[in-house]
Amino acid sequence: MNSNIEAGILGGIQVAAVVAAAPLLNGFIKKIKARFQLRQGPPLLQGYRDLAKWLSRSEHIAESSSFVRVLAPAGVLAATVAAVLFVPVFSERTPLPASGDLIVVVGLLALTRALLTLGGLDSGSAFGQMGSSRELAVGALVEPVLLLSLAALALQPQSTRLGDILAFGDAHPREFIGLGWALAAAGFAVVLVAETGRIPIDNPDTHLELTMIHEGMLIEYSGRSLGMLHYAAMIKQLLLAVLLVNLFLPFGMARFDGLPGYALGTTLVVIKVALAGFALAILESALAKRRFFELPDLIGAAAFSAMLGAGVTVLFA
Amino acid sequence: MDDNLLATCMTLLLAACVSSSVPALGRFRPALVLSALASALALAAAVHVTGTGEATTLTLWEPSRYATLELRLDPLGAVFAAIVGGVGLACSVFAVSYARHRPIDDLVYPLFLLMLLVVTCAGNVYTFLAAWEGMALASFALVLGDGAPRPRRQAAIVYLVMTHVATVFVAASFFIVAKESDSAEFARMDGSALSVPLASLAFLFAVVGFGTKAGLIPLHIWLPRAHPVAPSHVSALMSAAMVKTGLYGIARVGLVFLGPGEPWWGIVLMSAGAASAVLGVLYALMERDIKRILAYSTVENVGLITVGLGAAVALRAEGRDALAGAALTAALLHATNHAWFKTLLFLSAGSIQRAAHTLNIDRLGGLARALPATGAATLAGSLAIAALPPFNGFASEWILLRALIGAGGAGGGDAVQLTSLMVAGAIALTGGLAVACFVRMFGIAFLGIGRTPEAVAAREPSPIMAGVLSALAAGCLATGIASAWVVRWLQSVPAAVLGAPAAQASHGGQLALTGGGTFSPVVIAVALIALAPLPWLLARMVFGASSQTQGPVWSTGVAFRSTMQYTGTSFSKPLRLFFGRVLLPERQIEVIYHGASPLPRLVRYSGRVPALFEERLYLPLRALALWSAGRLRLLQSGSVQAYLLYMMAALAVLLVVAQ
Amino acid sequence: MIAAAVLCLVLLPLAAALVIWTLRLRGPAGPLSIALSGIMLAAALATFVRVQDRGPQTAFGDWIYIDSLGVIVLTLITVVGLCAALNSQSYIAHDLARGDLRVEDEPRYYALFLAFMATMAAVPVVNNLGVMWVAIEATTVVSVLLVSIYRTGHSLEAAWKYLVLGSVGIALALFGTMMTYYAASATIGESASALNWTELRATSVQLDPEVMRLAFIFVLVGYGTKVGLAPMHTWLPDAHSQAPSPVSGLLSGVLLNCAVYAVLRFRVLTIDAVGGSYADHLLIGFGLFSVALAVPFLVVQHDIKRMLGYHSVEHMGIIVLAVGIGGHVALYAAMLHLVAHSLTKSSLFFAAGSVVQAFNSRSMHRMRGLLRVTPVAGAGVVVGALALAGLPPFAMFTSEYGLLLGAFASGRAVIGVVGMLLVALAAASLLHHTITAAYHEPRPNAVAHGISVAAILSVFAPLALLLWVSVAPPARFNQALDEAVAVLEARR
Amino acid sequence: MSYEFASDAIDVLSIAMLIAALGIVWTRSLGWALVLFGTQSSMLAGAALHAGLATDSPHIVAAAGLTAMVKVIAAPALLWLLLQRLPTSHDAQPSVGQRTGLVLAVLIALIFARTLDAQPFRTAIGAERVLPTSVTVMLIGIQVMVTHRQALSQVIGFLVLENGMALAALTAAYGMPLIVEFGIFLDLLLAVFVAFVYTQRMHVIFGSLDTERLRSLRG
């Protein structure tokens, strides 16, 4: 009985931590990018100030919007936070291990994409609908890559629970790391860039309507709804970063249990996520945005590598 | 208890047929009311049989010496009987206010329901084949209606012809098994002792014969033509229930009759299913008529169910019965879930048709505000069919993917493992495309502002219809959340077919597969429902209430008009280009200039995605057949001498041969 | 009692025909033919009941012998005959009014009609196979005159081909009968009764196999021409499309049955004498070839009556195929198919007759909007087409099911499946043509046409009978089919 | 009359009938064809007479008489009458050359003589050669119908076919019961009469007896 309460508290802490740290990672990436462009860049905590600004502002609603205008932001944020419940952040123990696995996480991410695009379509403005159309096109290509890369990892531990994958990776590093793992990691990296709307697939900082995918859908939103949507985007970014680092570099996360385990886990996660953020920032500064209709080649390559990874794992496991 | 439930259901349906001929009762639509009642009874009987797991038999009469009409409802058949009952109930109630009163339809509709039921609970080969052709005939009559426009007539004829030819394969497959166990009774037919080539032939015949009815690619060409022309309540019945009888046939032959079988059978089935799923949803994305979108989406969902069946066959051939049970459970659960949301979407299409007189999404728009009830129900249906939590579509997709990933793991042959993983990838792609397809359908049709006066003037057609839609939407959500108990209800089928139940459902609504993997739809739903209002309450506490102001949509300073919105075609343009090599889209752009000025006066765009299978496979075949028939026709040249020569030749050949 | 029945069946109509021909009766000829057909039906039903209760009946010494196989064919002749007589009233009246038929041809038509009925009725009742040959030759001669009653170039051409091919076929059949007589005379002796079916059947095992092998070939090619089996079928579509529709109904419905009846008689003798599956292989070969050859002609056919003619070739092929496959189930299916085909095909020809008269053309392209211009006849055509295509609840579905079941039971599965696929293709083209014609929008100038009560009865009575026999057949019907199959099952 | 004499006579007469049939194939004039047919029928009657007397069975003798009446006198006379009344040319209009027609007929004779020779046709009179000859005459009859466009030639071809069969029936196979024989002749006469009526009607409608005109019903 007490283990349930303890797990519940730990789960709550994990969710709260992720929700709290999300804007920080975003600020960190912006700061590194600015440094590369030899400029000061916004302060690390600017993300929090932006959120506070949006959440307190009044909203301007389009006449032509329907009940979807209310449903979309609420649904997107709820789904994103719900996804955090099934992801191992500080150790291999996830808040609700028996209730969901990688398929549920993929499903919840798909739910966020669906509600976000519906929100974009709601008001009828061409920019929002263009954003939705492109987000769905990219999303449709990304989903198989996401599933296959995670499935490739799930083959060896014979379980799709993310916690088990992490524990297996930590316990048998030699079998875990291999060609299959590398290909799956490459695939997942492209997924991370695509889902968070980073260059070379999408440009997060632009306000040029015709080029933005993710920002396009939010164009009709203002005030608190806009704040919620941005917040959900930041949480998803942190969530995917955590997934990338924890599942593909699970070393040391499941070594001890109890307080010392969490401490070690937390420090490792913070370092790894920072490194990931750093890498993302380098990527954004080095590359330019690809033309939209060239994306299938990039995501297609990722899909191929994820599929190959899964195949290799099967044949040589 | 179930057999007299079945008997009363049959008599009610026959009474419905007879009542249609009584003009006086016309206004009360006795046929539909009786059909609804009968469907409810059938649903009850079927649910009870699957729940308890024991079969019930009912012998009717003997139309001829070696042909007896006999019913036998066993757990596998009862699942599909339940689907027919449930869908029949919803469609009949919906039809009371939706369907125009045509005496012929009132006669044929209950007959169609009766045939559907008899197919699912046929006890022997003769009853099955008689009901199978009767079902094809009845649905043909409903699709044909008064045969008014030419495409509707052609669609109906193509459908009847393809089904009639496919029935020969079905009969051949049954007879191969019947000859082996020298009995035509389903209970005693067992082909496990068949030699491998003969059993494979029986299996392939079954896949071709039943695949045509199910709509598997490349045998699907009748489906997207026949469903849209039928009245909505008939399309719903065809898409949600009739198509499943094809899958029931494949399951009956592949899993029950042919014993463990060969792994490559499963691989063939899984590949056909995956192809149907991906191509089905891709074509659905390119369609503009709602009913054609839903018809292609039926091809997709049939593909998903076939993947489940294929996995079950392959895994059972390799002896991994736990995973095979999971795959079979996934297939059956998806069959029931599909019945829920496909019926909902087709009936909502009927409601839209009645309200806005068109189903072309490029001429709708803004219906969410005009038809709130239909809009909300269609949104629920769209999210469910796109397999998104917390709806029922996600539950069956989860079990399917979990079974496939499990099949990909160690323990089986490499071929099965690789195929399972590739198919899992294909299903994920299908899921992504399905999200795109149904967000497009719902978004373009229901959101934004009306593109035509009819769309703007649309109003909720009738409370009964809205009521049925809301009930179905609630059903999608409820069966999503309670899918653990639905799976427990289904367990009698894997237990009967594979010898071991494949999944347990614990009290907390958590679903655990014996092949490994747990999942709790209740927890996910609670999390979503709790987390949705939480941030807003927190924000209200911290930042106080946020005021709202109304205003027109921002369109770069120009007055916002409905033509500025995206249309269905433009919305699916990115995906059309991404999958260009598969879809081979065609387009013509004509630019007309005004005298010398460089500004174009008129740009005319026309584009289409060709129906590849029809144009590259079926039409050339038909042309060849007509050409060769024309050549052979010269044999009847009209000259008596030639005819005498034929006789002389026949006589000479026989005299020489027979010595 | 049987002697009286046979007199009513054969001599009475002949006498009436003679009277009508000589006295040039015009007015009463029609009703008289209906009355006589009614009497013949009553006689046939009485014989049917008597044969079923007291076994095979003989009369006039043993010149007349009716067993259960014969009585089924006989009853079908009279049932379809009565409907044909009913249909003739309105059909001939319409043609007379339009001038297609000359006034003095009316008595000739009814005289020949009754003669045709008489000669056909004679075939299943005679014991002597030689006399049976004479009766079949007589039916050919009489029906040739009926086919050419319109005195147009086309009907003359059809009649000429029918006469030439029919006569050559019948001559070959005679040669076969003669060789059977030769083989029989070695065992029974040279008496006239050597060709009697009763004696032949009793001593069939001792017949000389070599001679019987040759005899069956000539019989099969000879009578096969009358049955319409490919490649001897070429006269059938011409004759059946040019003849007046009531006559086409008789030709397709029951005359082909008489020819099949003859082939079945010789098949039993050959199997007993030659043994093994010699006869069955020939029958399967001809059956499959007929069904296969009919399909291309059905796919591109536009003339409704020629299409029905080719369907007769196809369905006779099915019956012969089923008999060839053998075994109790397949033989039962063959007999059921024989009955169902007679009723369906005759009803279809009667309905097609009034449709052709309404549209004044036989081309299905011109018959647009069948269900709107001629609703009742159109409905008859559509329902008949569904029955002919072998869709439930009609009996042809059960018989085709039986054929496939029998094929698998007797190890000839591949033949069964190939046959059924060809039949499905033929049914597909039939459904396509009829439904397109029935549901197409009618031509603007098409005016709705009524249909006389007699014609309605002639179209829907056989269909009602068919439905009764298919869904809930009376015990007597099943028993009759069983006994017929018993006759067909050879001893060896 | 002894068996040997009768069987030799039948052999000779059957060979003669074969030659007559070849003559019909060769000739282009309908008149000659009718004459050849008449002679062939008379030979048939002779052979039947011999067989009847040898086996002293009255019904074969009666059949011989019937043959003489119907096939030697009635049928040719009927056709000659028709030929006179219709102002058509007496050309038999063969569709193949005379020589090729003859070669074809001889070919048929050889093939079927050989294949049917193996038949163990033991007859009382011992005329083993008769069956192959009769089948050959039948097939030459069909060949005449196939290779000639003239309607009357086709009728003559049909009659030759009947003769071939009657030869086998009367001599080798003890004939048929009288009642059946009578029926056969009646039918033969009826068929010729109907053919007679139709050739006249054909002449009225088409103006000639060329069956090429009868090719409009196709497909």
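Each chain carries a letter (A, B, C and D) given by its place in the written order, and its residues are counted from 1.
Simple rule for what comes next: a residue touches a chain if its C-beta (ideal position, glycine included) is under 8 Å from a C-beta of that chain, and two chains touch if they have at least 3 such contacts.
Everything numeric here is computed off the predicted structure, so don't read it as measured data.
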| item | value |
| --- | --- |
| Partner chains shared by chain B and chain C (touch criterion as defined above) | D |
| Centroid comparison with chain B (C-alpha atoms), farthest chain | D |
| Of C-D and A-B, whichever chain pair has more C-beta contact pairs | A-B |
| Centre-to-centre distance between chain D and chain C (centres being mean Cα positions), rounded to whole Å | 31 |
| Chain A and chain D: spacing of chain centres that average the CA atoms, whole Å | 99 |
| Approximate Å spacing (C-alpha centroids) for the pair chain A, chain B | 35 |
| Distance between the centres, which are taken as Cα means, of chain C and chain A, whole angstrom | 78 |
| Residues within chain D bordering two or more other chains | 116, 142, 145, 154, 211, 214-217, 219 |
| Chain A residues counted as touching two or more neighbouring chains | none |
| Touching two or more other chains - residue numbers and ranges from chain B | 633, 636, 638, 640, 644, 647, 651, 655 |
| Pairs of chains, among all present, that meet the touch criterion | A-B, B-C, B-D, C-D |
| Chain B contact footprint on chain A (complex, rising order) | 52, 55-68, 74-75, 77-79, 81-82, 85, 96, 98-101, 103-104, 106-108, 110-111, 113-114, 117-118, 121-126, 129-130, 132-134, 136-137, 139-144, 146-148, 151, 154-155, 158-161, 219-220, 223-224, 227-228, 231, 292-293, 295-296, 303, 306-307, 310-311, 314-315, 317 |
| List of chain B residues in touch with chain A within their complex | 365-366, 368-369, 372, 375-376, 379, 383, 386-389, 394, 397-398, 401-402, 405-406, 408-410, 414, 417-418, 421-422, 424-426, 428-429, 431-433, 435-436, 439-440, 442-444, 446-449, 510, 516-520, 523-524, 527-529, 531-536, 539, 542-544, 546-555, 560, 562, 564-566, 570-575, 577-578 |
| Residue numbers on chain D that touch chain C, as the complex places them | 57, 116, 119-120, 138, 142, 145, 151, 154, 158, 161-162, 165, 168-169, 172-174, 176-180, 183-184, 186-187, 190-191, 194-195, 198, 201-202, 205-206, 211, 213-217, 219 |
| In the complex with chain D, residue positions of chain C that touch it | 128, 130-131, 133-134, 137-138, 141, 144-145, 148, 151-154, 156-161, 163-164, 167-168, 170-172, 174-175, 178-179, 181-182, 185, 190-192, 194-195, 210-211, 214, 237-238, 241-242, 297, 300-301, 306 |
| Chain C residues within the chain B interface of the complex | 157, 160-161, 164-165, 168-169, 172, 213-214, 217-218, 220-221, 225, 231-232, 234-235, 237, 278, 282, 293, 295-297, 299-300, 329, 332, 336, 386, 389, 391-393, 395, 397-398, 401-402, 404-405, 408-409, 413, 416-417, 420-421, 424-425, 427-428, 431-432, 435-436, 438-441, 470-473, 478, 481-482 |
